[in-house]
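Paired with chain B in one complex and with chain C in the other, chain A is shared by the two complexes that follow.
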Partner chain A sequence: MNLLSGDLKLVLPEIFISVTAMGILILGTFVRERGRTWLACVTLSALAVTGYYLMTLRSNPFHPAYSSMYAHDGMALVFKMLFIVVGILAVLVSYDFLRTRGIPCAEFFALILFSTVGMMLVASAYDFMLLFVGLELSSLATYILVGLTKKDLWSNEAAIKYFLLSIFASAILLFGISIVYAATGTTNFGEIASRGSDLTTRQPLAAVVALVFLVAAFGFKITAVPFHMYAPDVYQGAPTPVTIFLAVGPKAAAFAGLIRVLGAVHAMSSDWLMLVSALSFLTMTVGNVGAVLQTNVKRMLAYSSIAHAGYALIGVASIAVDDRAGGVFPSSTASVIFYLVAYTIMNVGAFSLLMYMRRDKGFGEDLADFSGLARRRPVVAAAMLIFLLSLAGIPPSIGFLGKFYIFATAVRSGLYWLAVAGVLNAVVSLFYYARIVVYMFMKKQERDVSDVRSFALNLALGASAVATVVLGIFPQTILDVIARATSNIFTGGIIQ
Partner chain B sequence: MATASEYMVLSSVLFAVGFVGFTLRRNILVMFMSAELMLNSANLNLIAYSTEWGNPTGQTFALFVIAVAAAEAAVGLAILMLLFRARATVSAADWRRLKG
Partner chain C sequence: MTPEILTYADMGLKWPILSLLTYIPVIGAIIIMLFLRRDNTIRWFANIVVLVDFVLSLRLIPGFIIDRHALQFVEKAPWIESLGAQYFLGVDGISILLVLLTTFLGVLAVLSSWTAIQDRVKEYYIFMLLLQTGMLGVFFSLDFFLFYVFWEIMLVPMYFLIGVWGGPRKLYAAIKFFLYTLAGSVLMLLAILGLYFLHYRQTGELSFEVMKYYGMDIPMHIQRWLFLAFFVGFAIKVPMFPFHTWLPDAHVEAPTAGSVILAGVLLKMGTYGFVRFSLPLFPQATMWFLPYGITLAVIGIVYGALTAMMQPDMKKLVAYSSVSHLGFVMLGLFALNQQGVEGGILQMINHGLSTGGLFLVVGLIYERRHTRMIKDFGGLSHQMPLYAIMFMIITLSSIGLPSLNGFIGEFTILLGGFKALWMKPVVALGFLPKEWATNMSTLMVLLATSGIVLGAAYMLWMYQRVMFGKLENPKNMELKDLNLREVMTLIPIIILCFWIGIYPKPFLRFMDAAVMNTVLMTNPQAALAEMKQMREMQMNAAPGQGMEAPSGMQLPPGHPPISMPGQHMMPGQQSAMPPGHPPISMPGQTPAMPAGHEAMMEQFRAGESHGMRRGLTFMEPAAAGHGEAPEAAHADPHGHSGDK
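And now, the complex of A and B:
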């Protein structure tokens, strides 16, 4: 019997990464801190091998595996590739950080891998059961990561806040799921989508309540306003490499889950377009206004990441109206995924800049610490400039294209007011991004900060800077991949 | 024999109690217990409607949820121990360095 036939072939990436993570935990007890380089190499190669294997898997047509629990389609594959890249970048940016802070590296790498597995399961979830377990697996690992610097009171506080609000959100999600199950008798996305439409007429209340609970729970996970309160605190308090991972990985996973769930339940209620558009508008606006008020750059970037979740939500709202690709423009789902890719690359870059300056305890994270950076380290300042321009949405950068496709999608779907709100918000965001640039390039050094030099960090920063510019000018390859991948996803009949 | 919709009422009440407890109480341990109550109210729903629909999906789901809740308790109480060692308090009001 061929072991690798059928469904097992599809979940091999998840199995492989889980086994590697457990292996690293065991290995870590033997090699201790001397084997840091070895453990990092094992983690990186496991992720790279998985990424290569994912590329060889064919994604069409949509294939539900394991009694329709596990969806194998293009969208899942693209998201999984993204999570692999996030994992690789997280290992690179943390490598020297772990040494200087004395954090046990085996635990750190294993938790990154476990969280990656959880996110991959979410991307493939075709059943509420798998979705819930995947989300919980990825969050459980991140609770520990946030609190990993045990002696640091900031990190402790961030960990407990993140933990409490996450389980609160999970409970809300689970109650929403239980209502869906009570109304339809199934937790399978495909069956819910086919049974949902008559439910609206039979049990309109259950449909609306379930929808509100599900959207609220995912709102927590993607830091949508008004469920964002914990995000700035957690992102600021967590160790910076963990912040980088947290800001891009679990958020992208939650978007994957949201797209799948809305595909399943949208037939139950037509109110979700309104709900998601309102969330999107609030998230953009509150995120940008919050960012303007900050003097701590880490916290400012946390608010900016909230705002970016709002832009991506415009795309999610557009999926409701029209998910076809038209001419040179990708479909709504494809624009959301492209935006998440852009968001990942530029945020990893911008957040990792915070690890280049060290002050007595911890890193130089205030605006004042950035003063005179261009004179001291011109290359690093130039990289930061690229990321900030991209975050603000100025061409030629991947951030500009991401916003462009999202706004174009909104206009095509007739959501003009959201597109206008998005553009106005992008203008507001220019203000606080430009403030960092002013400090870097036009001010004399105000504070005594020592420079951090780390090859692994440079590698991650360089890769994201090059990707930001190159993909901003030649996006076609990656757009083609995403467009092909999303042409056959299951969206539960949203595509009319 | 109670019907499934009566269980739905009971679980909604439990969920509401948990929700209010989580939002109003400032003791971290009580907040955690409230969240657990919310999780278990959903479990009650899943199990009641599993019987109603005559399929085992809900009961299986509830088992998964219990396992996940146990793992969460382990991690959460570990974090709480860390906090208590650092500051000898379990009140959320005493942890407010991060704000703005």
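And now, the complex of A and C:
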């Protein structure tokens, strides 16, 4: 039997990346720091090859593999490609950072790759077991990454906080899973979806409790309010490249997991609309109001990323009423995925700006450090302007399209109040994004900061700036990919 | 009621002229950004770019079809197919004057910045040019998605112009401007989305095309919400009382050119939005909102004028006068008849010229003295005679002196206002006794008229305090009179002020057909009553004779000749111009019969009008002998007649 036929072909990307990660760990002990460029190249090319392979895979039709544990569908593919892009960008932005901070780069790259594998498993999970394994794999790697600057107290604090709370969330998730298992006798999404409806009649309370626990656990991963408390501290304390990775990668993975789980338990308890809507409203509002109060840009962006999770949750909430609306307009799931793509591109850009200025021993991350940036480095400032406008949802940018799409989904699904709350939040968000603009463009230099020049960083910044604008004007290709991907996904009881 | 669409190729052009007009400034900005370094080169280059843009925009005039409502020089291509967004540009009678105003003021604003801007010259001109692109895009877009994109793009350069080159409180003013307008526009975005899905559910087609939403059957309770969302978006931009508070701040802090553009063009986007979107899309909701809209407009007129009178700062005075003037524009639009709406659009142009001119004039003195306080001046006319003359003409134009442009606009608006409101129970505010309604409406037009008097008061008073009296302040003794460049920025405005004031017909004729279409869609009762009245007057004056109004008739300036279709058609004409297929007339040539009206009446007969949906009887029984419309109304196939 041909080894590469059938199911094995589907998990080849995961296997390949895992093997590369282990190889890099081993290689790292030999080449030490001299070979950092080599290691980076190996990591990048492994990711690129995987990305290319993913593009060649066809997703039709929906295909559960490995005794229905592993879903191979469009959504999984799109999410995996997104994770690959996140991985590549994370390697690029970290390259010079690792050198100046003396962090062993083999460890760093390997951990990024392991975490990527975990996220890919989450995207493909069709069973609670695999989902949990994927989430843990991804999280374990990030715990280490957050604490990677061993002598930095902030980093240590962030790592401990993240670890404890994350473990707590995992426990909640397990508890939710166990209730579902106790009630239905299975951990498979497909079977839960088909058996779920009996449960609601037999044990309505169990269904609701399970739902609340599951949503809470994912709420932690996607930094939804009120489970967001750790995020500002962890994002601020973690080394910036790790923050970038953390803010986009695991969050997107958690969204993938959330969409799948909600689809599975939909039949069991279909009243998650209110729950997710309320989460979304709180997340947007608290995130934006929190950001307004910040003077540290990194912390501000951390709050802003909380708020963005809230916008994406609007799309998740609309999934509940998709069957009511239907039609030619792309589905709510597609809007969430598109939003996550937009979010990834612009946040990588915005966060990486934090590594352009050096002050004392660390980086210039305060608002005051940004003062006069437009004079000193007009191109960098212009790139930041693009990211900030995109984050605020001003066209022509991918951020605008993402918001547009999310609000359109909400209006179509009749979630008018959520749409109104969303757009008003966008106005609030402009206030603090504009503060950064004010410092960059309208104030004279206040602090003595030196500029960092790094080719890899420029590359990541330039690529995301160009993507922000170009995909904002010509999004058709990416919309098509997502629309095709979400046309045949498994969403359990919800008719797409 | 979809108007005819003529692409640029149909109109004999090789180049997509609207795209060229829109993107020439942004291409100029990119060239400045990448290649030019020296400040003076950049200045020359930016001036040339806006001048080229202006000259090119004049190309729109000769080919423009004025005898019927058509979207012209259209460019239409799919853009984001899965969302149904199109790249759809076009001009019609409503937008063409605003486009010309934009390119015209763009030239003046850029020219006026030559010496005023010494700091960060490169960025300044880049933002000026980007702003130009955004504004032109807004006026050209006929696809809601595209419209919204340009509408928001435009905010960014304006934010920078205020925030970087503004006065002492620039940061506050800039962010206030940005947040206010954004808050309004995001609500509008939701309303657009609401329309989009409503249209989709009715037709099964995803489309943002504005004209496709015209004549949609929107249930009243939804229409109200959508109207309100659009209203907030546009009212903030206009700005209407009580949404005006961002305006004085923005104006006072903005650099001169920014103020010119802000007053001259940006405010017009709100009023343009009402004419283009709110009125024709939501006729019933407009009717419902009318009392409140008129009341707010009149409050704006009086409040703006009174506040202006008390301002010690010239720029702030002009800013509040804008609130008052735009109150007039809104009153004209809400009159919902031909005169009112035409006057409103003309007044948008007038306000752009006069207030743009005033800001330029104030900017000139500010550049010399670095103060705008009225008390710092006095007796300037001795020192700067040329300046005093220019200032006087522009002041008078703003007041509305006959033979200058302001008069024509305000007169036409008031004519429309009186026609709609005088002794009619239009302003029936819900919380007031019903019997007050008639008096209220009458009071409204009277109050509005008083706005002209107040306008004269605050403007002349300011002029007097600045220009006349003794030249006492020693700092003013050294002031130099205007140089050639400065005169050059003002002369074109003054020429246009006189032109519109003395012979407004060419300007009004641009918009006749388009406005008539809008009025017919929003308020068919008024449009048809007017047609009928005109016809009767024609019959009395010259029975069986030509279609044009007799010379002695009380037509508003530039009013189009009005006729009833199918009546008294000369045999020769009838064969030459079959109904519904009007001929293309050469510019400057008055058509013997406005064929556009014919087409509109045809549609009425087909029972497509909103008036019929509302069950209005818009024709007296006496007219039944002349036209088939009433029968058509009774035999309305959709059965909307009783539907309220």
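Going forward, the second predicted complex is superposed on the first by the 488 of 496 C-alpha atoms of A that agree within 3 Å, B and C clash if a C-alpha of one lies under 4 Å from a C-alpha of the other, contacts with A are read in each partner's own complex, and residues count from 1 in each chain.
One rule holds for everything that comes next: a residue touches a chain if its C-beta (ideal position, glycine included) is under 8 Å from a C-beta of that chain, and two chains touch if they have at least 3 such contacts.
Remember, it's a predicted structure, so these values are computed and weren't measured experimentally.
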Touching partner for A:Q476 - first (chain B), second (chain C), both, neither: second
Touching partner for A:P104 - first (chain B), second (chain C), both, neither: neither
Chain B versus chain C as contact partner of A:G23, first or second or both or neither: neither
Residues of chain A touched, compared between chain B and chain C (which is higher): B
Touched partner set for A:V438, first chain B, second chain C, both or neither: second
Touched partner set for A:A426, first chain B, second chain C, both or neither: second
First (chain B), second (chain C), both or neither touched by A:G51: neither
Which of chain B and chain C A:G185 touches, first, second, both or neither: first
Which superposed partner A:L140 touches (first chain B, second chain C, both, neither): first
Overlap of the chain B and chain C footprints on chain A, listed as residue numbers: none
Partner chain C, residues of chain A touching it in the complex: 327-330, 374, 389, 394-396, 400, 404-405, 407-408, 411-412, 416, 419-420, 423-424, 426-427, 430-431, 434, 438, 441-442, 475-476, 479-480, 483
Of chain A, residues touching chain B in the complex: 128-129, 132-133, 136, 140, 143-144, 147, 150, 153-154, 156-161, 163-164, 167-168, 170-172, 174-175, 177-179, 181-182, 185-187, 232-233, 236-237, 293-294, 296, 299
Touching residues on chain B, where the partner in the complex is chain A: 4, 8, 11, 15, 18, 22, 28, 31-32, 35-36, 38-39, 41-43, 45-46, 48-49, 52-53, 55, 57-58, 60-61, 64-65, 68, 71-72, 75-76, 79-80, 82-83, 86-87, 92, 95-100
Of all residues in chain C, those that touch chain A in their complex: 80-83, 123, 148-149, 152-153, 155-156, 159-160, 163-164, 170-171, 175, 178-179, 182-183, 186-187, 189-190, 193-194, 196-197, 200, 204, 206
